[in-house]
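Okay, so subunit A shows up in both of these, paired with subunit B first and subunit C after.
Let's look at the complex of A and B:
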């Protein structure tokens, strides 16, 4: 009897039976990996949230949190690289449109994935001090798409080009601009500032330098000041439409500097 | 239950803001020490916030006193650890002046900053229970109700005011009814109002049955008073300006909230005749009245009200033989008397529940309910007039029943130790972490008579599910009775299933690690922790401690060897048995 008991003794919770299966972690991860593919391929309606969540939960419970987290990073990176490729191939006006569409899709997928691995996010990620899944998704998008060598400069130039077009009187799709610039803001203040705002301010300074030169040759002081006011109003309006509110002070000071401060001597003596 | 004047509350928030401005000046000049094994008093004195958070999570009493009759907050104030002090205060440490502990903290405060922090928390009501807090978040998560919050800007809940953006998105669960009072909207959930007031229950069963919007045209009905009342329904805490109290009495009368009405009437009379010497110069609009649910008779508090709702719902939960017929039976119309709006099927049993409660208590259910259409579950093809239907696998109906009992009432009537394990699992899975503590409390008395083998079992389980209180308890027992455990085969077998000690040298010597050195105290290695406990109980002092540690390590290695031998022996035997 005692012998029997000894032999059967195993610290085994009802949950631990699965661990007996050496392929458990791989099998479960395959299911979840498949789900992530499906989500990115717009196919989520065939998936069961309850089952996926349960699988992710059990993986973390049995200390496969590492595997799950790393797998998540790999799979998401794979999809973002695909997305990146498809964006690179887009031509002309479709480029910005496509970025916006893919960004929205990525966000939605990210939310669904985060909900599936919620248990990991709450326990494993917190205790190992890793990046939370939502933030991770943003970082991966930033590094794989926005900072991709073929996209980064093209994206910036497209945006600056559109702003330039609008300044010279063309009508542009402001909603699209707003969505794409919102993406920069969502990726973090530093991304917005370093990768959009700064070049934008430089380009603006350049633009108004040329602009003011033209005006000052042709107008008297009163007319010039009237003309100088117009861009100020326009820029404030631009900020309201599709830039971060914090940019307002910066762009107005650029305009003031280029239009007024740099010419103050000449204006006074006009 | 005393009127709290608003003027001090108003400055409260701004005081705290000031506090944060000069943060630089108060940075400790040396990094804080870590006390990975300290108790709440040591952790407070050292300012080890991580350890403190861990201890509070395990459920230690934040207002406990040590042998010097001091509370943890006293040490934090004395040493000037503002983050620790704040953590303690947020977890309900008492700091009121004119109490023994409170006054001691005020006098001991190292600097003005700590004093200000204490002052700011003094006017605060104690923290809400998990049920009340999560329902309150749901109420304030509705965007129109946030106006109410703004109006109550002084409201002392810092978490809310600190982080409004996160607050808005993460705790949002859509309301199912909207009131307009004096042109201003209030969003609410039917089941909560019905649970708390017979008037609302009756209305929702009849005239308002299919209405999503109710407009009150009576001029007399006051928006702030009704808002306060509905906020009270969710949170069991009434916060109202003294000027609105008479309006509230009228509303209570109509809503048939008798016990609340009585208390407010009494308070009004009291205010009329009593002289509030300190507050005499303040005009009434500045005074606030705060009432805790605990002042009401038990049957009128939130948990009891929801318990009644749950009982009605559970009475309807039956074993359904065929899925389609059992779900189809329950039309939305039928569910009106219990107001259930979701059916959860667990282990062949249907539970009729309330979305708002499930979603408020568990992030899992919030995601599940809001994601119904994104995934497969939304496409069950059920006719439109049946309830939303969720199926949960891999748990027993009994465990689920216990869990929803906890979700609705914040309590467990009784718990069988045999069930504890599954409930730990359910609590983890559904992210209902406070439930683990409730079960742990119920389980602890049973552990006193447990055998070493059973204790090993619980140690492994509590480590797996992160039930800190049980884990700590078992570790203490093992460390103090190490020799007895070593004798048992089960303990040795357990050693084989555990990950080996981390071998982290910072944990392995007596040389104090550099102050502020990061240590991974959470997700601790079980054997590392055991070793530390054993050293505390058995080891020699100072330099000799290293030698003791060495002995322990050798001992452990020997035991593991022995366990391996035993395992292979028994396997061989088994093989012999089966082949014979």
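Let's look at the complex of A and C:
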């Protein structure tokens, strides 16, 4: 293309060149697809942001926004399934550790991808009312990793088990707990509430029901109340360390119910 | 942190401007700050194969004008009519 001749009509010329090449969209998408693979493989340092952004930008300008968007979903899903497999294979303590590491990596990759396809995000995605790239990345992680049949129950049980260990006096990695539980919060309030908080409250009720039975058989009223106060302090502390602040009122009321309210008659007549 | 960045036009002209000015463009801001070490954020150099020297020069002037404007110096920014279309295309691309 001769620049001097078409200088004032550069934009027109560009469009034409693209329309003439029927493989344009496929070729451009291949470049971006390759880049997404590199990003997930920790290999992005050689990539040119400008080149990727320009390609994504041009795809949207030339009405290939849906191809770009769908390609993005497919490619990210592919990587999340790979990640999911590697997490499933992790044993013991490495499981939670790996989820946390992969989650952090996914977040970073997601931010890079979102930056590259920023133009699509602010034009095509907004006008077609699709899910924005950042949120899309969170949904894909949730559905492919957190809700994977081999991970979902194991993850919840691992977390509840750690809480139980801490309640019975063991020292656990609170930072790791906080990071993983923060993941639930980042995935949305409903994910945190339905997939962690509710089972957590149920397990807590069960734990304190058994606990209070043991105490009430062996103490008088004064001692019992002292013993009942300790878990209240501990649970508030737990919330501060690794749960959502909104959980404080809920867990406190569970403890109060199991430790005091359910035994109030007996305590009064002791 | 690097103080200046280099913007290179289609024809290979290099504009060295303050990083702060370049970041008026959301696109350039992402290029320079996105995590993961893209080449632009490592080198502080961005090449624009689709932006001509004339337009890139005008854009750089605009960056500085915009900084001044945001600091309360309300002057006019003059645009030659024949540049308008290309400049708008570039502004769309640069998210400015």
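Operating definition for what follows: the second predicted complex is superposed on the first by the 254 of 270 C-alpha atoms of A that agree within 3 Å, B and C clash if a C-alpha of one lies under 4 Å from a C-alpha of the other, contacts with A are read in each partner's own complex, and residues count from 1 in each chain.
Assume a contact is a pair of C-beta atoms (placed from the backbone, for glycine too) under 8 Å apart; a residue touches a chain by one contact, two chains touch by 3 or more.
Keep in mind the model is a prediction, meaning the values are calculated, not measured.
Using the contact criterion defined above for the overlaid structures, shared-chain residue A:50 touches subunit B and also reaches subunit C. Applying the stated contact rule after C-alpha superposition, one finds that A:218 touches neither subunit B nor subunit C. Once chain A of one complex is fitted onto chain A of the other, the partner contacts of A:118 extend to both subunit B and subunit C. In the superposed model, A:128 makes contact with subunit B only, not with subunit C.
Look at A:157: by the touch rule set out above, it reaches neither subunit B nor subunit C.
Subunit A uses residues 7, 10-11, 14, 44-50, 53-54, 57, 112, 115, 118-119, 122 to touch subunit B in one structure and subunit C in the other.
Taken together, the subunit A residues at the contact with subunit C in this complex read 3, 7-8, 10-11, 14, 39, 44-50, 53-54, 57, 108-109, 111-112, 115-116, 118-119, 122.
Of all residues in subunit A, only 6-7, 9-11, 13-15, 44-51, 53-54, 57, 61, 112, 115, 118-119, 122-123, 127-128 touch subunit B in the complex they form. Interface residues of subunit B, counted against subunit A in their complex, comprise 363-364, 367-368, 371, 374-379, 390-394, 421-422, 425, 428-429, 431, 453, 456-457, 460-461, 464-466, 489-490, 493-494, 497, 522-523, 570, 573-574.
The touching residues of subunit C, when paired with subunit A in their complex, are 10-11, 26-27, 30-31, 34-42, 46-50, 52, 82, 85-86, 89, 93, 95.
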